[in-house]
Every structure is written in C-alpha cells, then in structure tokens.
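Take a look at the following structure, please.
Chains: A, B, C, D, E and F, in written order; residue numbering restarts at 1 for each.
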Amino acid sequence: MNDLLQKPRTVYVSRTIEFNAAHRLFNPSATEEENVATYGKCSNHNGHGHNYRLNITIRGIVDHKSGFLFDLKELKNILKEEIMERFDHKHLNHDVPELRDCVPTTEVLAVLIWDILEERLRTLNNPEIALHEVHLHETGKNAVRYFGE
Amino acid sequence: MNDLLQKPRTVYVSRTIEFNAAHRLFNPSATEEENVATYGKCSNHNGHGHNYRLNITIRGIVDHKSGFLFDLKELKNILKEEIMERFDHKHLNHDVPELRDCVPTTEVLAVLIWDILEERLRTLNNPEIALHEVHLHETGKNAVRYFGE
Amino acid sequence: MNDLLQKPRTVYVSRTIEFNAAHRLFNPSATEEENVATYGKCSNHNGHGHNYRLNITIRGIVDHKSGFLFDLKELKNILKEEIMERFDHKHLNHDVPELRDCVPTTEVLAVLIWDILEERLRTLNNPEIALHEVHLHETGKNAVRYFGE
Amino acid sequence: MNDLLQKPRTVYVSRTIEFNAAHRLFNPSATEEENVATYGKCSNHNGHGHNYRLNITIRGIVDHKSGFLFDLKELKNILKEEIMERFDHKHLNHDVPELRDCVPTTEVLAVLIWDILEERLRTLNNPEIALHEVHLHETGKNAVRYFGE
Amino acid sequence: MNDLLQKPRTVYVSRTIEFNAAHRLFNPSATEEENVATYGKCSNHNGHGHNYRLNITIRGIVDHKSGFLFDLKELKNILKEEIMERFDHKHLNHDVPELRDCVPTTEVLAVLIWDILEERLRTLNNPEIALHEVHLHETGKNAVRYFGE
Amino acid sequence: MNDLLQKPRTVYVSRTIEFNAAHRLFNPSATEEENVATYGKCSNHNGHGHNYRLNITIRGIVDHKSGFLFDLKELKNILKEEIMERFDHKHLNHDVPELRDCVPTTEVLAVLIWDILEERLRTLNNPEIALHEVHLHETGKNAVRYFGE
C-alpha cells in the first residue's frame, strides 16, 4: 500500500478551530493614559471579545502504513483539552492563569498557544512530527503567525 | 438618465459591518444553577466575546436621478453613530444602557438593533425607504434575523 | 428582565452545520444514456461527493424569560441525531433508507431534510416555534432553499 | 422513483457566478460638483472596478422524474451567454449598450440583470419555473437584492 | 515597459480550483477492526465525499515583457487536464489509477498532485518557474501543504 | 508583565485591506494582436476591475512592554496613506504615476506595493521590524505573494 510514500514525504497538516473569548488590553503597571495611548478602545474598562480562529500546523513525514501524518482524532483531542477548555467562553485576563501577568494581545496569545502545544506534543515521544506554526486570527483582518523562534 | 428606473423598482440594499464585544448570558433574577441550566458555558462568570457580523437591509424604490436607493455615505454614518459607537469594543452587559435589564442573547441584540435603527431612519422623513431586516451573526454558525414583527 | 421582549418579537434563528457525503445522480428506471443526458458527470458510475453545508432556520417568538427563541443545546442535539448521524460520512444512494427510491439531487435532499426536521420539531409540542427554512449548499456555487410548500 | 416528490414541492435553486468589471458613477446631465456630492470617490474620472458576485435564484416545483428544478447545464449556459459575455471584463459605462443612459450603480445593475434574465427565462416556455431573486454583491460589504417588483 | 522588473523579482503565483470527489479511507491489507481503529467513520463501507479546494503555487521570476510569471491560460489548461479530468466527480479509490494501491488520505492526495504537476511543469522546459506548493483543503477545517520534500 | 516575552519571540503580524480598482492589461509597445495573444479579455479596450484584497505581513520581535509587534494604529495609517489613497477607486493604468510604464498585472502590482511599503517602513528607524510578505488577491482564485527577493 501507499507506494507514493516509499520515499519519505514531509507534509504540513493544519487544523482550524474557533474559540470565543473576552479580553482587555491593559497593562496594570502603566497609567490609564498610557494604556489608552497604546491600546486605544481595546483598553476599554469592561473589555470586549472576539471569535478567535486558530489554525495549527504540524510538520512531519507521512506514515507509510496509514497515509496519515498524525491521528486526527488525537489532534482533535489535544486541541479540545489544551485550547478549547482553556480559552473558549473565557475572559483571557481573568480566567487563564498562564496569562495572569500578560497583556493578552494576539501576539502574546499566539506565543502562549505555541508553548502549550509544543510541550504537549513533546509528551507524545513521536520524533516524526513537530509543531510548525500557530496562526491566530483575532478578526478577519488581523492575524499573527508564530513559528517558535 | 436611468431609463431602467422609469417604472418604480423596489430593491433591498444591504450593508455589512462587524463589531467586537464581550457579553455574558446571565439572568440576575434566576439562581446560578438555573443560569447554568439555560445558558451553559455562555454564563461563565467573567464573560466571553464575539466578532459580531451585522447585515442591515433597507427596502425602497430606487431614486430615478441618482440610481441609489439611499445615500451610502449617510447609511455608513448612521451605522457608525448608532451601532459602532454603542457596541464596538464594549461589554454588552455593562456598557450598553439599553441592555441593562436584558440578557444579551443574539435574539435580544437583534431586536434592540432593529428598534434603534428603525427610530433613527424615521427621523429622515423619507417615505421611500424602510428598514427591512436585521441579520446578526454571533459566530459563523449562529445567526438571528429580525424583520420588526 | 428583557423589557425589550414585553411585546412579542418574531425572530428567525439559524444554525449552520456541515456534513460530508458521497452521491451519484442516477435514475435506475432510465437508460444509461438518459442518465448521462440528464446528469452528465454527476452520474459517473462510482459516485463523487461534497461537503454539504446546511443552514436551518427556526421561526418563532422570543421567550421573555430566557431571551432565547429555542434552547440551542436542544437544537444542536436534534441536528446531531437527525442530520449528522443520518448523512455524515455516508453514501446518500446506499446508506440512507429514506433516499432508497430517490435520485439524491440537492433539491430532493433539501425536501427530505425538511420532512425529517419538521416531524421532529412537532414532537416538541412547542407552539411558539416552527421550522422556517432549509438552505442546503452543495458547493459554494449551488444551493437550494425549501420552505415546506 | 422520487416518492418524496409525489406531492409538489416548491424549491428555490440558486447559482453564484462572479464577473470582473469597471465602472464610474457619473451622471452626465449633472455638474461635476453634483456628481462628487452624490457619488464621492465613486465618480473619479477614470473609473474603478469590482469583482461582482451574482447570486441568481429560480423558484419552481421540482421535476418528479429528474429530481431537478431545472437543468443546471442550461442555467449555466444562460448565465454564460447573458451575464458573463455581457459584463465580464467589461467597462459598464462604455461596453454595455443597455447601460448607456444609466448610472451603473449596484441597484441599476441588479434591475437590469433581472430584466435580462426574466425575458430570457420566459423564452423557455416552462410554466413551472420563474426567476425569483437577483442578489448582486458589489463588495463583501455592499449588496442589492431585487425581486422584480 | 515594466521598469519595476528591471531587477529580477521572484514571485509566488497561486491559483485555486475545486473538485468534488468521493473516497473511503480503507487499507485492504489490514482488518476491518484495524481500519475502524485508524480511520473511524472515514472508513464507512460505501465511502463519503468532499468539495476539495486545491491551491497551487508556482514560484519564479516575473517576465520582464509581459509582467506575468506564467501564462495563466496555460496554467488553467494544465489544471483542467491534470487535476479536473482526473479527480473531479470521481471516486478516488476506484477511478484514479495512480491511487489504486493507496489509502486516499489528504496527505497522499497532496503528494500525488505534486508528483503529477511537477512532472508536467518540467515538460515546459521553462527554467524560470518551479512548482512551489500544493495546498489541499479537504474541508474548511483540515488541510495539507506539500512542498516536494 | 508579559513574562512570556522574556525571551525574544519573532512573530509575523498581518493586516488585510481591500481596494477597488480598474485596470487593463495592455503593453503599448506591442501590437493589438500580441496584446490579445498574451492578455486575452484582460486587454479589452475600456478595462475592467477588481476588489483587490491585500494581506501585508510584518516580521519582528514582540515588544516586551506592550505585547505588540507594532502599533496597529500606525500600521493602519500607513496602509491608508500609501495604499488606499494611491489605489482605491482608481484606474491603475491612468491614475497611478508609479505604474505609468508598467502593465498592471497582479505580479507587478505586488512588487510595487512591496517597494512602497518597504521604503516607508524604513523611515520608521525601527530595527525590530521588517516587511515580510505582500500577498495580493486579484480574485478569490488568483493571488501573488512577494517577499522582496
């Protein structure tokens, strides 16, 4: 089976999920004025929110037998446990311990998601796969990509 | 000019905008348990948020001279003043006086937007146009339409 | 609570789901040539498939207490049981008993989905709500709407 | 076959196409100033352009034998001849005789497309089908629907 | 003409097409139980299907005279002959000889498309262009990218 | 604050805008026949147009204090001044001096946008950020990426 895979093929498999969260861009060690100057209406006192769209890419060599890079059911599970349960229907400033001392910008959130998934994927002890990219869309217009560097 | 408009033509013109807001589905006159039973994770204490996509439709007879139903610049202005300034980057439960005694579900929000725009459009004293539809998308999967009935 | 709902408000709530299915447009009571003449490449012997996108709309008066038209968790459940389990990852010609004597065009599939959901919703004995529209997209270009008439 | 169609079923079948055209909103019987006041940057001298997305809906009773409302290949043909050849890669003000005395607003263009398709469909002498809706998107934010009234 | 191209400019030109196909994830050299364990509902006996969206990217130096990387009409032709005729409205397990001994996962399909297009583009004897990326979306949520490595 | 940023993190921040423009693919130093052979209907005399969607990516190390790569308000400003004012509601062949001696293909336009933004960003004297990618979509099917090489 899968003669096409007799030579190793490095593919990039991506999965997109969406979570809905509130946040406020506010640095408590700065003054109200500095916060408004930096974050504008994103620092409004009671916060606002987004439908975050998250696209995760894993890189590796396709398994010769299954034709999969990685068991999609396992990836769905990881994303449910690590991302959906942590961020979905939450307030990023108040409900996510890892963000307690952070301004929850899209940049910071993308970096955190990388750190969480990279550590989790390492526990699989599968040398054939690696986290490649976290691509986080805050709106249809703004997005951040992070490659772990 | 515009011979095609010599007989009256009733068109439906729509404009789509997006606002980012936080909310919490919570009825203060019910118990915590009742709220969880009704609203599930949408009643999480600190709220969550959405990129609301709002599609407004106005119905009327095309103006013979301009070929427009309605001056788009004026519509943009109305949507900016009535919708964006009221809802964008706000917390629906705390920052919108009109929602103070409401559970800010998508249904309630669509009804409120209708009431606001319908009243504002009436001040234009233009008998040729009428608000036709408020179509509010909370996510890519859930939406509510309201026609004022 | 929910003063905005003191007068009855009739809203249209829609939910979108996606299912992936194979089908073949083929009428066994016609000749091969007639099938090709009518259905073209859609009658290819081994079938093909689609990511069907289904948008269901329910119409009714918003509940004064909850601010919901209908419990979204219950709607999700109904769509899972009636639509996803019946159609997702299935071959419409072979795996769906209700379609055994049908050519599974988008029109026929939309009509069937209406009949299934209309009957199921009637079992709820909720006079406030009614199925309003089945909107089924076969591709990004082709879609069928059915209103039960 | 098609027992589901033993009672007549009225469906709404839609097809989406895209054409790329230039236009300028300019009324030659008005002054330059009046044009700028009405049309703003849309009246810039050399014109601009859009990827128009056109969604056409036909209403009628599903054919009992084929399970189709209407032969999609025939609809594709009609849209190619009447819409694509007339509007695609054209300048609406200069290349479309039917628009010669019109300001090519989205409203006017939707009305013209209705008139063209309604006349063409009438030549089919098929009493079971009728043009139902022309839905023309000028951008992702602005659209006009026309139902022939 | 095209002074901007006096120094060589390496661009990445992409074209998106869609094909509708059925498939079944099933490895005939494994047991039914192993197939279900690996592929879940994707191994259902009669198969299912998708609207595959394929995004092809070609890399190279823009031609100084035409301002094109590559004649788009020629690329459209190649995609029609090599992709649409081979995969569109087909059953991947039964109708595509190149996949006869493969499990038609998205990974395997992306690799096959690369091999086909890479070989075809080599026949053009144009040293200025090279296939850069095959990006294949099985659904709106799952996609595979392959760069030929 | 922002402990996650204590080690430097290189992110890629992108912003999407849309502008509507007319163009004609025509090389005045070639014959009419050569133009038709190269550009087909894209060389039609009066031009046509597009809703160009432009996705700009900036690469750099996230600022430890703000959690931003770059002040989004400043980026919006730059895109308004350099892109929207230059291209939106314009005819690329007639209204854009930088394109006077160019055939305004998507490739050429992407290269020009890179040159403009790269020069503008250099005036900021911010060594932490660099233009990474210009991704220009002419339609939903055709796009060009340019990385400045």
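By definition in this document, a contact is a pair of C-beta atoms (placed from the backbone, for glycine too) under 8 Å apart; a residue touches a chain by one contact, two chains touch by 3 or more.
This is a predicted model, so every value here is computed, not measured.
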item: Subunit B to subunit D, fewest steps along touching chains; value: 1
item: Repeat of the A-B interface, chosen from D-F, B-D or E-F (over half of contact pairs identical by residue number); value: D-F
item: Centroid spacing, where centroids are CA-atom means, of subunit B and subunit E in whole angstrom; value: 42
item: Length of the line joining the C-alpha centres of subunit A and subunit F, rounded to whole Å; value: 27
item: Of all residues in subunit A, the ones touching two or more other chains; value: 140
item: Touching chain combinations (by label order); value: A-B, A-E, A-F, B-C, B-D, C-D, C-E, D-F, E-F
item: In the complex, subunit E residues that touch subunit A; value: 25, 27-29, 38-40, 98, 101-108, 110-112, 115, 140-147, 149
item: Subunit B residues touching subunit A - in the complex, by the definition given at the top; value: 18, 20-23, 41-42, 44, 46-51, 88-91, 94-95, 139-140
item: Contact set on subunit F toward subunit A in their complex; value: 1-5, 9-17, 57, 62, 65-69, 71-73
